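Down below are the structures I want you to see.
Here chain A shows up in two complexes: once beside chain B, once beside chain C.
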Partner chain A sequence: MKISKDRLELLKEIMALDFSLIELNLYLDTHPEDEKALMVFKQYSCKSRELKEKYENQFGPLTASNGANREWKWIEDPWPWEIDYEMGGR
Partner chain B sequence: MKKYNMHVSPQMMGPGFKLARAYVPFQVMDKIYEPWKGLMRGTIFPELYDPYPKKKRSEED
Partner chain C sequence: MWIYEKKLQYPAWVEGGDLNIAKLLFAQYGGPDSELSAGIRYLTQRTTMPIPQAKAILTDIGTEELAHWEIIGTLIHKIIEKATPKQLEEAGIGPHYIQHGKDLYPHDAAGVPWTAAYIQALGDPITNLHEDMAAEQKARTTYEHLIQSTNDKGVIETLSFLRQREVVHFQRFGEALRLVQEYLDRKMYY
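On to the complex of A and B.
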């Protein structure tokens, strides 16, 4: 399923950031004092929140819980497995 | 019980082979991959990226 190029780029950036956050989370669980890791984690989580907000304002909810204040648009969007990630992907 | 006796005993492998020693050196974060590269490689820590088969690091994404 095709989605617009800028929507796909934004989605990919969010996916990549959230992956890094999971990695940093796992690292921080065993290295809670690592200042550098904590700094990068805070930086990425701010950016991820920002991008998600931007995405949701433009394209609709990423998660069902974020779709609650609008009409139930959640089911209209393409499911993650329906998206063609390679279309002009990086 | 023959069919279960297929392991190679240390004697057969010679004295140099000891039983395994498991260890995990304590990781210290240094450089990390950019988010997209990390997602493609499955880790953001270069020291943990170890694909099979041995590919030259520079060539793949």
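On to the complex of A and C.
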């Protein structure tokens, strides 16, 4: 399913950011004393929250807990397996 | 507990045209060293880990594997979505279509259904972490075989990402193993 260029770009940006967060999360699990990594984690997590809020306001919830707006938007298509991500990965 | 996020970890895109790779991708959907096995294996072994770092790494890698399982499922779904039964038959996944239609079902590349016998849990953190490191290497090898078996640029790109994750997981499990070993040594001498 095609989604608008704006939406796809923002979604991919969030996906990339959240991936970096997972990577840092795993690293910090075995290096909890690394303050530099912790700093980067905090920065990325701030940025991710910011972009998610923007995405959810414009296009709909990423998690069900943010599913209620004026209507129940959570069930709206497309689901992650239906989106046409187009070429180029991220 | 877990919370679903309406996004993939990596944008799984498919160029199209290589229907044959769908059958082979099932190796990582429901095979012995599949993402499903990885997720269940690590989440099963969490409760006997003696140190915080190891409990965290099994929880977080186990969770990431479920996101990878979703990516593999998405690739297969996208590849078979528009194919006719005849095309599926020619691509070697006729038997899957007969029994499951276009649903994803956890079986390996040869159609053998997933079983808990693919994973181990010995209740010994050293033994379990060795099993986990071996599993990561086996998954990496399987991804290399898959990458060698297709020309689809999208599939190759996504599989390369997943292959790289196995390398990172191996590294993190190695660190957890060292930390657990140090902890057990300290416990013995003091």
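Just so it is clear, the second predicted complex is superposed on the first by the 84 of 90 C-alpha atoms of A that agree within 3 Å, B and C clash if a C-alpha of one lies under 4 Å from a C-alpha of the other, contacts with A are read in each partner's own complex, and residues count from 1 in each chain.
Heads up, the rule we're going with is that a residue touches a chain if its C-beta (ideal position, glycine included) is under 8 Å from a C-beta of that chain, and two chains touch if they have at least 3 such contacts.
Keep in mind the model is a prediction, meaning the values are calculated, not measured.
Visitor: Is A:N57 contacted by the first partner chain B, the second partner chain C, both or neither?
Guide: neither
Visitor: Regarding the shared-chain residue A:P80, is it in contact with chain B (first), chain C (second), both, or neither?
Guide: second
Visitor: Let me test your reading of the model: by the given contact rule, A:V40 touches which partner, first (chain B), second (chain C), both or neither?
Guide: Touch status of A:V40: first partner only.
Visitor: May I ask you to decide whether A:P32 touches chain B, chain C, both, or neither, giving the answer as first, second, both or neither?
Guide: second
Visitor: Tell me the contact category for A:L24 with respect to chain B and chain C: first, second, both or neither.
Guide: In the superposition, A:L24 touches chain B alone.
Visitor: Contact-wise, after the overlay, does A:M15 reach chain B, chain C, both or neither (first, second, both, neither)?
Guide: both
Visitor: Between chain B and chain C, which makes contact with more of the residues in chain A?
Guide: Of chain B and chain C, more residues of chain A lie in contact with C.
Visitor: On chain A, what residues does chain B touch that chain C touches as well?
Guide: Common interface on chain A, chain B vs chain C: 12, 15, 19, 23, 27, 30-31, 90.
Visitor: Could you pull out which chain A residues touch chain C in their complex?
Guide: Listed in rising order, the residues of chain A that touch chain C are 11-12, 14-15, 18-19, 22-23, 25-27, 29-32, 60-65, 79-81, 84-90.
Visitor: How about chain C: which of its residues touch chain A in the complex?
Guide: 3-13, 15, 53, 56-57, 60-61, 64, 70, 73-74, 77-78, 153-154, 157-158, 161, 168-169, 172, 175-176, 179
Visitor: Touching residues of chain B toward chain A in the complex: what are they?
Guide: 27-29, 32, 35-36, 38-39, 43-45
Visitor: Which residues of chain A touch chain B in the complex?
Guide: For this pair, the touching residues of chain A are 12-13, 15-17, 19-20, 23-24, 27, 30-31, 34, 36-37, 40, 44, 90.
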